[in-house]
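So that you can tell them apart, the chains are marked A, B, C and D in the order they are listed, and the count of residues begins at 1 in each.
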Amino acid sequence: MTSNSEQLAVQERVALPTETMTIMMGPVHPAMHGTVRVVVTVDGERIVHADVQVGYLHRGFEKECESVTWGQVFPYTDRLNYVSPILNNVGYAMAVEKLLDLEVPERAEYIRVISGELSRIGDHLTCIAAIAMEMGAFSIFLYCVRARDIVYDRLEELTGARVTHAFCRVGGVKDDIPEGWLEKVRGGFDEITGVIDDIDGLLTKNRIFLDRTQGVGVVSMADAISSGFTGPVGRASGIDYDVRKDHAYGVYDRLDFDVPVMDAGDTFCRYYVRMEEVRQSLRIIDQAIDQIEPGPVKAEGAHRVVLPTKNETYNTIEGMIRHFKLVVDGIQVPEGEAYTYVEGGNGELGFYCVSDGSGVPVKVRCRPPCFIVTGQLGNMLVGHTLADVVPIFGSLNMIGGECDR
Amino acid sequence: MGIELYGVDSLQKILGWARKYSMFKQPFVTACCGMEYMSTMGPRYDLSRFGCEFVQFTPRHTDLLFVVGTISERQAPVLRRIYDQMADPKFVVAFGVCASSGGFYQNYAVVPGIDQIIPVDVYIPGCPPRPEQVIDGIVRLQEIIQAGETHSQRELRQLAEAKG
Amino acid sequence: MSPEDKKPAVEETDQADPNKVRLTINDQDVVVDKGTNLIEAARSIGVEIPHFCYHPGLEIVAVCRQCLVEVKGMPKLVPGCQTIAGDGMEVFTASEKATDAQRQQLEFTLLNHPIDCPICDQVGECELQRLYFDYDCQPARHDLAREPQKKRVPIGPRVVMDEERCILCWRCIRVCDEVAGVHDLDLKERGHATFVSTAPGRSLDNDYSLCTVDQCPVGALTEKAFRFDTRAYRLSSVDSICPGCATGCHIELHTYGGTIRRTKPRFCEEVNRWWMCDDGRYIFADYATDRADSARVDGKDVTLEDGLAAAAEALDGVTGEELIVLVSARLSTETMYAVKQLVGQLEGAQIFGTGRPNWEGDEVLKSADRNPNSAGLALVFGEDLGSPEDLEQRLSSGTVEVALCLDEKTTNPDTLADVKNVISLVHRFAGIGKTSRVVLPMAAWCEIDGSFVNAGGQVGRFHPAVDAPGDALPGWVLVDRLADAAGKGLDLGGTAREIYAAASDDLGAQVLPADRFGPTIPAVLLRFANSRG
Amino acid sequence: MSKAALEPVKKKFASEVISEHAQHGDETLVMKKAKIQAICEFCRDDPAVAMDMLSDLTAVDYLMQGRETRFEVVYHLYSTTRRHRLRIKLPVGEDGAEVASVTGVWKSANWMEREVWDMYGITFEGHPDLRRILLYEEFVGHPLRKDYPIAKRQPLTRREDPVEGIWEQKHILTGPSAGAHFRGSYDIE
């Protein structure tokens, strides 16, 4: 198989008069993750126009949030980017804590970092698995899923759920980490790095893979900035922007890690940046495990925010009343607005919350990174061949729940 | 006479046995449940152990429709069209509460259960269900198929009886 | 909104007025009438002083000690309920001393309180919960065993007592003494063993016993009929008028899931203040069963159109002396006015006012007349209203062919036994509704928008709380449809408000003041309203 | 977010500023909607502000809060060079709810403006193609308006697709969840 650019060159030379044809890709298409439809107009093999239609997974996230109390929003945030739910939890929790001017205990921050980075690893592994599988490398998919199951096991031991955790709370996290969990997390490193190395060996130097990804779907840095690209996709285009570094939240300022940045801006870079980030995440977790100190995991003294412990609730009338008030009337968040942003699996994951002082949010807006990235998919496809749609789209890691909300 | 009955009976048995262990399935993956679906297909919870390995992405070649995840009102016509294109006898599994009942998305955008659009044979609870639950659901489906009690099998039987 | 908040706040005037005193509360200037206590003075500028035992409608006892505030120059904290605002007083309700006192008092009140919230009917409107969360919200500092006391004491036929939950604010005792005028309840024992109880052999069975439940700030006194029925914070409340008697108490109907769950009094200075009688609380239950949900002709259910057609056919060509119209005093003023219009079209038909028979009332709230709108009936029809005696002799004359009855309680069925055609507009298939030839379903008071005129001549407006069953329609709509079917067009307004306006033009604004129909108030979720004190 | 970004904009468009606040450290400018395009271009091009990225664009419906202008369009700007942020809010009335599109300034505005139109019915003048994006063309109304009931469904029974042609939905009801309504069981309107 000749490289994409050579193909184009050939087609340039023999300029036959052709008429365009419209092809539907998706919403049900092995490469469309079931939630996107691309109406491509092809002239022969080359795409002259592509109309990307999202919204097949619109679940009314914001409307639901506006009908429940502040604390009940967490399960909905889980299902935004369901590949890395904890990162969404953290983003939303930080927004409400900002509105409340609430300090989160250090241990809770570390737990958020560790579980969040685990989520990120799962996210990137899933993305790589999808790219590879859609390009025919099914074994990579199996490797990634095997590694991801380790991540899921750890998160399950911590939160009780494999995928949708709802683990964070306003003012901390739900529970402290179980006995001996940190060692288990470390124990999983070898297998994950092993899988990453295997993939490196199988894909990164694979002629077929390189031909299909290098120079495909190039986004220049200027375009990427103007299009609001962030996260791996943006960094693949040379935008040196990582919220964890540039606006360090939580305890990220105490952790030492690199932000992989490449400048070709093509599909391969987007793939490779993710590979590199998995390694960086492992570094972060390693340091966090060293630094974490015992302590409380919920904001202390914030009795009007944090639910009382089970013991208090069942054995003292004070705890019972607080529990009732917090569950029935919700946390009384002072009037105001706040925008917080964390480094999600796909980039800057922002939450813009507006409160009118009651227990029910006026507005919970999620700034979905992959919605913004997918917005430029149409432009990226033009000029490529039909076969290139699959790797380009796969490398954007469009997550339906986050894109359509 | 008895022999005939016996023959028919055993033929049904053999057909059911053949069907339940050779399901071509189309995953209609839309949402979060897809993650667990991947795990289920993955090396640890190896779904191929249950004769449900082969994944087909064209409905015309499949007899098992896996509806994995939330079905929005916008997606509903697509799902129905996929179902119509499948060949009889066809089986449907609602994977997760969103597909079964809409889950906790009881709002303007989400179909409250795909069984408002297509008949469902097995509902797998969970948000998302654990792979073990999925395997359990598959085994249940195989039992139903063996018994010939899936929606489409019943329909076919009724048609045959109507013909006489 | 708590009924107390609806009390008109004292307005500012110049301090030269001798009946006014000027003081400062939390460094804000306040001018109030002489004799106002600090709680009311603070409320007039929107400052809340937490309290349990104080109630504007009851004698002040200052037993809960929750409303302690700091007054400059006084050595100790003073109870805000008992301290009368004096000129130049400087009051601090949120100073450190006052806050500490409030917190410690709440902690003390909760010392023996059982952990009942999950099974308590007061949750959601519990004053103790609200004050604890707003003014204390500190975890418990002790693990003392709670003093066990009796639960589920059947203190009266309609009320259940839970002695553990009681915070001894005496409100129930004062309600019995001052509202019902019977000393049913009193305190027994001393110290931590104190509890509220009836005298031996007596029970809390006065006609206003459920007012004690309304006024109980916690879940100590609960209504037997409402126990474990619905969570209070799930209820939504609709303003209405009690149809029980001619007093026309202002009430709230609390609905959940499309059905009425309970009745609570609504503050109205000139009619019932904070109170209502027990009989009025369960009237909604009468309209829950055996409702007329479709038209009936000769005992068979038919569509509303057929029913109207049959009624029109029966009315066709009937002369005035062959037709009598029986109007019950339980109907809304609007329906009566519509009937008046209809009768104007039927030449010379005679109208008889009827209704439920009297009972024996009392001098508190219960009036002897059990019909909510007798005054309205008299207003609308005036002198051409026949009395029951006229009705008897009219029937004995034997010329009556057709009787048009509004409401099943108009008269005893067998008095109309020898009338050929009886057309009745009824709420329930009972009374006349069983026997008459044509039955048309009418929506009840709790399902329509309208107004009553009570014995005092005050117009009270009620709102629809639930949907009418089946084909049932508001009375005035039915009358309008009937007139259309009979080929007699009435020029009625499209809404109850318009009809009321027309009636007040017709009958005079001094008897039916246009503004008394009031604004339309949508149902409010109790969850978002404050708990009632 | 930072003062450095706020001050130049305030100086340049002093007449446009309605109010400003820095709640929780988020520098915010509430401005008149007339010159939003010029404001955004200035924010992008001015070296001191250099807001080269439109981080987020959304709207809020203040119906329940009883403001005189019902909606508010909210822009979150970010500068990848100076690493600072700025929030610009435009009060928009219910009648004539239209704002000038900033798709010419930032590419990313394209889909976000489509989404705001889809969810709130706020039109953006000069937008290349202002179609529904998350919902389907047949949908009536704008769901994120506070007066749109949350459970009001609009099932697609008939669909005209440019490519797939006309399609009729056979609505069948089987199984336990036929018309299941969990929220119906308690009063959240």
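By our rule, a residue touches a chain if its C-beta (ideal position, glycine included) is under 8 Å from a C-beta of that chain, and two chains touch if they have at least 3 such contacts.
No experiment lies behind these values; they were computed from the predicted model shown.
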item: Per-chain CA centroid nearest to the all-protein CA mean; value: D
item: Which of B-D and A-D has more C-beta pairs touching across its chains; value: A-D
item: CA centroid of chain B to CA centroid of chain D, Å; value: 40
item: Approximate Å spacing (C-alpha centroids) for the pair chain C, chain D; value: 46
item: Centre-to-centre distance between chain D and chain A (centres being mean Cα positions), rounded to whole Å; value: 22
item: Whole-Å gap separating chain A and chain B, where each centre is the average of the chain's CA atoms; value: 30
item: Residues of chain D touching at least two other chains; value: 135-136, 143, 148, 150, 164, 183
item: Multi-partner residues of chain A (each touching 2 or more other chains); value: 55, 58, 60, 63-64, 404
item: Sequence positions of chain C contacting 2 or more other chains; value: none
item: Chain D residues touching chain B - in the complex, by the definition given at the top; value: 135-136, 143, 148-156, 159, 164, 167, 169-184
item: Chain B partner contacts - residues on chain A that touch it in the complex; value: 27-30, 33-35, 55-60, 63-64, 75-76, 78-79, 82-83, 126, 129, 141-142, 145-146, 148-149, 152, 162-164, 400-401, 404
item: Complex contacts: residues of chain B adjacent to chain D; value: 73-74, 76-77, 80-81, 100-102, 104, 106-109, 111-113, 115-120, 123, 151
item: In the complex with chain A, residue positions of chain B that touch it; value: 28-32, 34-36, 38-39, 41-44, 57, 68-70, 72, 74-75, 78, 82, 104-105, 107-110, 127-128, 130
item: Chain A partner contacts - residues on chain C that touch it in the complex; value: 110, 113-115, 117-118, 123-124, 128-129, 132-133, 136-140, 143, 233, 527-528
